[in-house]
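In what comes next, chain A is part of two complexes: it sits with chain B in the first one and with chain C in the second one.
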Partner chain A sequence: MKTSDILNKTKELFPYIATELFEEQQGRVYVCSDHFLNVLVYLRNSSFVHLANIFAIDWIEEKEFELNYNLWSYDHNSSIIVKVRIPREKPEIPTVLDLWEHGQVYEQEIHEFFGIEFAGNPDLSPLFLHNWKEIPPMRKDFDTEEYSKRAFDVGEREGAK
Partner chain B sequence: MLNEIEQNRKERQSAWEYVINYFRKRSIWLLHYCTGCGAVELPPVMTSRWDLERFGVGPMATPRQADVFLVTGYASIKTLKRMIRTYEQMPKPRWVIGFGACTINGGIYYKSYNVINKLDRYIPVDIFISGCMPRPEAILAALEELRNMIQRGEAKGYDRYVKNYDWYKKNQKEILEREGSLFGEADDENK
Partner chain C sequence: MIDLFTDITEIANKDGNKVYDIFFGPNHPGMHGNFGYVVDMIGHSIAKARVNAGLLHRGFEKIMETNLWHQNLSLIPRICVVDPDPNEAAYCGAIEKIMGLEIPERAKFIRTITLEMSRMTSHLMGMGSVGGATGLYTVMYLMLADRDRLLDMFEWLTGGRIYHIYNIPGGVRRDLPKGWKEKLYGLMDFFESKLKEYDEILYRHPIIHKRLKGVGVITAEQAKKWGITGPNLRATGVKFDTRKAYPYAAYDQLEFDIPTEKEGDALARANLVRAEFEVTISIIRQALDKLPEGDVNIKLGNPLKFKVPEGEAYAKVESSKGEYGYYIVSTGGIKPYRVSVRGPSLPAGLFLCHKHLPGMRIDDVALWMNTLQICAPDFDR
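Then we have the complex of A and B:
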């Protein structure tokens, strides 16, 4: 089955989503956060068994986070990105661990770097950052340069001889 | 050689120290521990093209038997923690070579939230190599300079660490065990 056929079939089943054929083998699905699990369950059952990645984008001017689920089907050799937007204030989204177990590290990482809660994920402990006290560092309103100056660049070599 | 010993005695280095330094500089073991991307320059230096071993320098697997700690490139905070443990395990005399721009002022990671900027604040560095990345020739030149410094008795980073132990520990603690946010409440109100 071609990617365009998969997209058309998905669109028939879920009329409230928007689809876009980005390249011959890559499609995109835009869906709201209330219905995104339905779409993911459908795609999981129609041979999209490989969750390649989850990544987040901070659209600070629109006050939204965008989560992208990269799916891959070995049967059809096609890739679909499911894009879902959630509000920036108290961001929360259901976990996809029941569909793809290996989503654990992706969700852990996104929780650490964007502060997005994954409802239903039992372990969202920090993976990478050591002793982090600020807001999550990949958010656009986090000033990395100022942080670097205050944390690592303070003072001259007083004391050491 | 007797003339050299006499000369060094005049420079307040006893004959015994001179002999010790003479042998120390001729059997340097590099600790085989790589923090960043600089590690890719080490295989050509150690293998037949540049052949580090003709200077009596060889790789060593454990810090307890190594003399020189080569910090190759950027050091993230988690790496810094391991680096301090490694450095403190090494027996005296021990020397540190800061390798590349990242160890001097952060290099291209200057603005990063997760990479330290000045390595010299946390462990004492005897000699820096500039460049991103330094060529193998630069590494050889740095080792040659380090050997000369050892002979002259100038490479005393380990003494500096002991004398300024509180200062180094304070700096390390600021990074590793900091309590509270760096951005105060006043900053939050401005945003």
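Then we have the complex of A and C:
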């Protein structure tokens, strides 16, 4: 089955989603956070078993986080990225652990770097950062330069302007 | 530091020394790179494993947002030390997808050749470290010495031995130097003649069979649902390769087999790497045979003012360890808005360890890591 057909079929089943065919083997599904699990369950059961990764994008001007679920179907050789937007003030989304066990690591990582809560995930302990007390570092409003000056007490470098 | 030592003492006293913790960390000879597991031990068996990551975290994805598109090219190969080229190819591939660029045919073939050479360097390191972890040090030294020949070729072509920074958006940085192609043909003959020796000292060695058989078994179903890709997936019997399924560079114009193994254990994974090494030699020969004439890149103007139009794309590459993917978001500026990296060893290194390590003997951990090709930099970035 071609990616375009899969997208059309998904659109028929879930009329409230938007779809986009990026290239022959790569498509995108835009869905709201209330319904995204239904779409993921459907895609998971229709051969999209491989979750390549989950990643977040901070759209600070639109005051939204975008979560991306990067799926691949071994049967149809097709890649579909499910995109869900959630408000920045209350960043919470249900977990996908019941669908993909290894989503645990990605959710932990996103929680650590974006501060997004995954409702239903029992373990969101930090993986990489040690004693982090600032705002999550991958957010766009985190200023790396200002932080390193404050944390490491670095003055102006000689000759640097 | 004092805290750390108190902790260890407290741990050692726990349960009257029956359960003790071992820091299987960067200073352990079986560990490659700055990464570690903390394992609860009973006797010489592991009861529980915890991940001790973050020793290597450099915030690459964040740094990439503050750099120019071309500046990032010198940063991304550092995400994987032994196999750097897939990073460059995936990053440039994603940019080219957003821009809708079709790179020149010659550039596609040169990219294919360097990608496969990079796979060879990584596999030589992988095969060698299996020898190192089983005490067959000769194998390791031999493989690393042979690997140096490929690094010499990279140095001649790109100026760098480890980090090549050779792929750029629109093609590759420079054309093949005079005499390079002939030398690479010779090197492929050399590696083909060496395979027999590798078999004798490593793959037919009784120690390898005894130590690797039955370690860390993954079934095909598990590999698919846990996000395990690349050689680790093919070692379970799944005939899948991104080079065929989602072609990039010039792979759609070349003919090659996808080797598979059935058992899904460490021995199957080690044998598969050997089989892939042979396939790689044939791919490089074909690509050299078919190498067309022409330009090697599209001139895209001043790199300091280089802009990528608004858009986003996911490009993935079959690296020596599995699916290497870059998702790039551009808002039309001189810097990327977001770069997300899909490291191939994340599912194995951070997730599979909780499934496999409990019950395993401590001396098998290094082998388990080597055969799954866990490379910490690509998730701890």
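Convention: the second predicted complex is superposed on the first by the 152 of 161 C-alpha atoms of A that agree within 3 Å, B and C clash if a C-alpha of one lies under 4 Å from a C-alpha of the other, contacts with A are read in each partner's own complex, and residues count from 1 in each chain.
Assume a contact is a pair of C-beta atoms (placed from the backbone, for glycine too) under 8 Å apart; a residue touches a chain by one contact, two chains touch by 3 or more.
Bear in mind the structure is a predicted one, so any value in this text is a computation, not a measurement.
Novice: With the two complexes superposed on chain A, say which partner A:Phe152 touches: chain B (first), chain C (second), both, or neither.
Specialist: Touch partner of A:Phe152: chain B, not chain C.
Novice: Going by the contact rule stated at the top, is it chain B or chain C that touches a larger number of residues on chain A?
Specialist: C
Novice: Once the structures are superposed on A, label A:Asn70 by its partner contacts, choosing first (chain B), second (chain C), both or neither.
Specialist: In the superposition, A:Asn70 touches chain C alone.
Novice: Contacts for A:Leu127 in the overlay, against chain B (first) and chain C (second): which applies, first, second, both or neither?
Specialist: In the superposed model, A:Leu127 contacts chain C only, not chain B.
Novice: Which partner does A:Glu101 contact after superposing on A: first (chain B), second (chain C), both, neither?
Specialist: Only chain C; A:Glu101 stays clear of chain B.
Novice: With the two complexes superposed on chain A, say which partner A:Val49 touches: chain B (first), chain C (second), both, or neither.
Specialist: Once the two structures are laid over each other on A, A:Val49 reaches chain C alone.
Novice: Scan A:Thr144 for contacts with chain B and chain C and give back first, second, both or neither.
Specialist: In the superposed model, A:Thr144 contacts both chain B and chain C.
Novice: Show which residues of chain A both chain B and chain C reach, each in its own complex.
Specialist: 128-130, 137, 142, 144
Novice: Can you tell me which positions in chain A touch chain B when the two form their complex?
Specialist: 128-131, 133-134, 137, 141-142, 144-148, 150-154, 157, 159-161
Novice: Please name which positions on chain B make contact with chain A in the complex.
Specialist: 77-78, 81, 106, 110-118, 120-121, 124, 160, 163-164, 167-168, 174-183, 191
Novice: Any idea which chain C residues touch chain A in the complex?
Specialist: Against chain A, the touching part of chain C is residues 51, 53-54, 57, 59, 61-63, 66, 97, 224-227, 229, 238, 240, 245-246, 313-314, 316, 323, 325, 327, 329, 337-338, 340, 342, 346-347, 350-352, 380.
Novice: Chain C touches which residues of chain A in the complex?
Specialist: That would be residues 22-23, 25-26, 49-53, 55, 57-58, 68, 70, 74, 77, 79, 81, 100-102, 104-105, 127-130, 137-138, 142, 144 of chain A.
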